[in-house]
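These are the structures in question, set out in turn.
Two complexes are shown next, each including chain A; its partner changes from chain B in the first to chain C in the second.
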Partner chain A sequence: MAAAARGLRGLPRALSVPSAARQLHCSAVCLKARAARVRAGKGDKAVTYEQAHAPHHIGHRKGWLSLHTGNLRGEAGAAQRALEDAFLRRFLAGTFPGLLADEAVLKRRGNLLVVCALLGRALPPHKLYFLLGYAETLLGTFYKCPVRLELQTVPARVPYKYL
Partner chain B sequence: MAARAGPCCRAGLSGGALLSRALLSRALLSRALLSRASGTPAPPLWGRAAFSSAAAVSGREGPQAREGSVRRRGWTPQFARSAAPPRTERMAVDQDWSSVYPTAAAFKPASVPLPIRMGYPVKRGVPPPKEGNLELIKIPNFLHLTPPAIKKHCAALKDFCTEWPSALDSDEKCEQHFPIEIETVDYVSSGTSIRNPKARVVTLRVKLSNLNLDDHAKKKLIKLVGERYCQETDVLTITTDRCPLRRQNYDYGMHLLTVLYHESWKTEKWESEKSEEDMEEYIWENSRSQKNALDTLLRIKASENVSNVAEEELLASEVVKNYRNSVIALKNKGETESNMSQYKESVKKLLNIQA
Partner chain C sequence: MCCALGSAFPVSYASRIMQKQYFLPSSNLMGARLAGSHGDTQESKTNPLVSLSDEPETLYKRLSILVKGHDKAVLDSYEYFAVLAAKELGISVEKVDKPPKTIERFTLLKSVHIYKKHRVQYEMRTHYMCLELKYLTSSTAAVYLEYVQRNLPEGVAMEVKKTKIEKIPEHIQKPVWDTLPQVEETEVKS
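Coming up: the complex of A and B.
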């Protein structure tokens, strides 16, 4: 916002009227952080523990959703793991549409990729098993590494708070 | 019978769901089929029952479970139908835990019979319970590594282990038989690649006392290696990483050691030009200190009008020997209290000054 105002001030003024210039008014309120935060509402919006806590609580009240050695000092592969994580979350959202009760937790143990997902109970077990096998086979073929899905079902999304 | 939910599988999914959701038409179809199969007259298809979902999983349980089940259609995963009770309720206190968690696995609240709570509590509340608790799933757990489980691992691995050789029961024996120590590092990381460029570094360590070197060879070797030799521990350390593979770096390190050994035994022609600055330690013979001491003593003798005393006699005398030792100690070992006082005494004796 401030950068845009500075840019506009550099524009040439209108030829005839000396004082024809547009200004921008920026206020501090617009600079509020909005990342991964659920804004407080009327008290009817149920949020899970994961949604209720903002990113600055990671490491204090929240753990990490993805565990691998790529982000340690002196280790390589952080970018590749981040890309794999992004793809995996989209893939899971598409394979289990409407079923994911919470974010999937990705763990890497050496070559093995473990995906822990919390699902709702909308599908019968045999369909869930099919999707499990489908996801494991497809992801294993994509990434050339063993992929294990550990699914748990919950009756409903677990509300932590109502915002 | 595709419309009927398949054979019920309680195992595997924790908090196992026994329900099947189907569209209304399929529910009607299955209801009709089931009732035809079981022989009972079909309940009214419309009305209250029109909004029922499909029958329960197994045909045998069909009639009881179907009655009085009013469910809402739509994609909400809200099911009040009873799921199987968690496995924890059927666990004996003395069960074999290593069969519940044989390998590293995520936390399963229905398999762990502990009343664990985790998370930041809401105001005037308690931490959230373990059911559906993502924080418990996120953290690595060691439920598969209880002491009895580790005992089982050790028992299984014992067949693949060999005993330490009984002849090598002390550090000195190990050093005597294996004087060269090779150090390599293997790196484990998570990801699809096992390559790590840091793994090619090889460090070779050997004590020079274990090598067959005479005085000249040892001094020449120390001069050749420079920083890689540690005076206190008498250890030569060679670190190689210039080759891409560990095996190549190891071979290069051994080659360096061999070359150093053989080169230090050779004496080149230009080594005879070694001057006083190149000396590693202070040698008193033919030094300025010796000349000065002899000069002083000769002049003392001349002033006392003593007949010419031979230099060798002077050098062999007690006072000069004392002086020589104290000067060598000062130069080689540095200045300490005892060194300085020793030097003071020897100078006093040399110049015959009695305080």
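Coming up: the complex of A and C.
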């Protein structure tokens, strides 16, 4: 270490070794004890049925939001489906800003991807139809599979309880 | 789309090979006009989707369909549907088996850094339902499988195993000892 340093003193600045600092890269933390759970508050936060129940209630009091065969025993493709789902939910949140009443349900039947979403009534119908066509075309071109968006409007979000 | 078998529900076929003979019921109905079946045989001659063939069909002794899913209620409803479809098409159901579910569990540390004693467990449950049908022809199997697969619910996977019946090959039809030449017995002198 000392010998290397002495040898480097004679070198011009441009050829000197960059600082020998170590870097650590880690992925975002998955707070497993707090995932998909709405924390209890003062009683003013309206929460839907889906949000009110924790993940350990899936299969008992809740259904599945994303239906595909990737997580079955002996089937492959779970990671790809999870990535596609994450992108689809962000895409929908961006295409229909502030309109989604509840989480969208994603269903995969063979090659076909069906997205079932509940929207609020803030936008007039012709704009909704445009966004529907836009989303279907763009997602279909992106994922190279037929994508069908099944939208339904509801007057308001239905609160299950207040936390 | 016309349904050549005259079953209760609409079926769509891409293409299928049909037996050349279509057996009508017996002589006591000779005078009566069976509009459905007679019309069907006439339509099948002109229908471009139905092709007739002279080659013998492959026969299946057993068609085993294993269906896997996360939700038992979905599998139960699909079992009712598949058994009903088989009965409507006249396919005999050998048995409906429900193997026990398999659970894939894994345990992770709850925290990012330390706290080894506090962990989180996840599991994935797979429920199964095995439907066994017996004595089918290849065209019946193709029709049934296509109908049942087009109506497979999302999140459900299917595996199909077919057991073919074949004729015994010629070289083993007769026992070997009939064809071998007679071996002369040598006497053992003690």
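In this text, the second predicted complex is superposed on the first by the 131 of 163 C-alpha atoms of A that agree within 3 Å, B and C clash if a C-alpha of one lies under 4 Å from a C-alpha of the other, contacts with A are read in each partner's own complex, and residues count from 1 in each chain.
Just so it is clear, a residue touches a chain if its C-beta (ideal position, glycine included) is under 8 Å from a C-beta of that chain, and two chains touch if they have at least 3 such contacts.
Quick caveat, the model's predicted, so the values are computed rather than measured.
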Room on chain A for both chain B and chain C (clash or fit): clash
Of chain C and chain B, partner touching more chain A residues: B
Chain B versus chain C as contact partner of A:P146, first or second or both or neither: neither
Touching partner for A:G59 - first (chain B), second (chain C), both, neither: second
Which superposed partner A:T69 touches (first chain B, second chain C, both, neither): both
First (chain B), second (chain C), both or neither touched by A:R108: both
Partner chain(s) touched by A:K32 [first = chain B, second = chain C, both, neither]: second
Where chain B runs into chain C (options 146-154, 236-244, 254-262 or 326-334): 146-154
Contact residues common to both interfaces of chain A (with chain B and with chain C): 63-64, 67-69, 74-75, 107-109, 114
Of all residues in chain A, those that touch chain B in their complex: 48-50, 53, 57, 61-65, 67-70, 74-77, 80-81, 98-99, 101-103, 105, 107-111, 114, 116, 118, 120-126, 128-129, 143-145, 150-158, 160-161
In the complex, chain C residues that touch chain A: 68-71, 102, 104, 108, 110, 112, 120, 124-126, 152-157
Parts of chain B lying in touch with chain A, wherever the complex brings them together: 5-9, 12-21, 57, 75, 77-79, 83, 104-106, 108-110, 119-120, 122, 128, 131-135, 137-140, 188-194, 196, 198
Chain A residues touching chain C - in the complex, by the definition given at the top: 29, 32-33, 59, 63-64, 67-69, 71-75, 107-109, 114
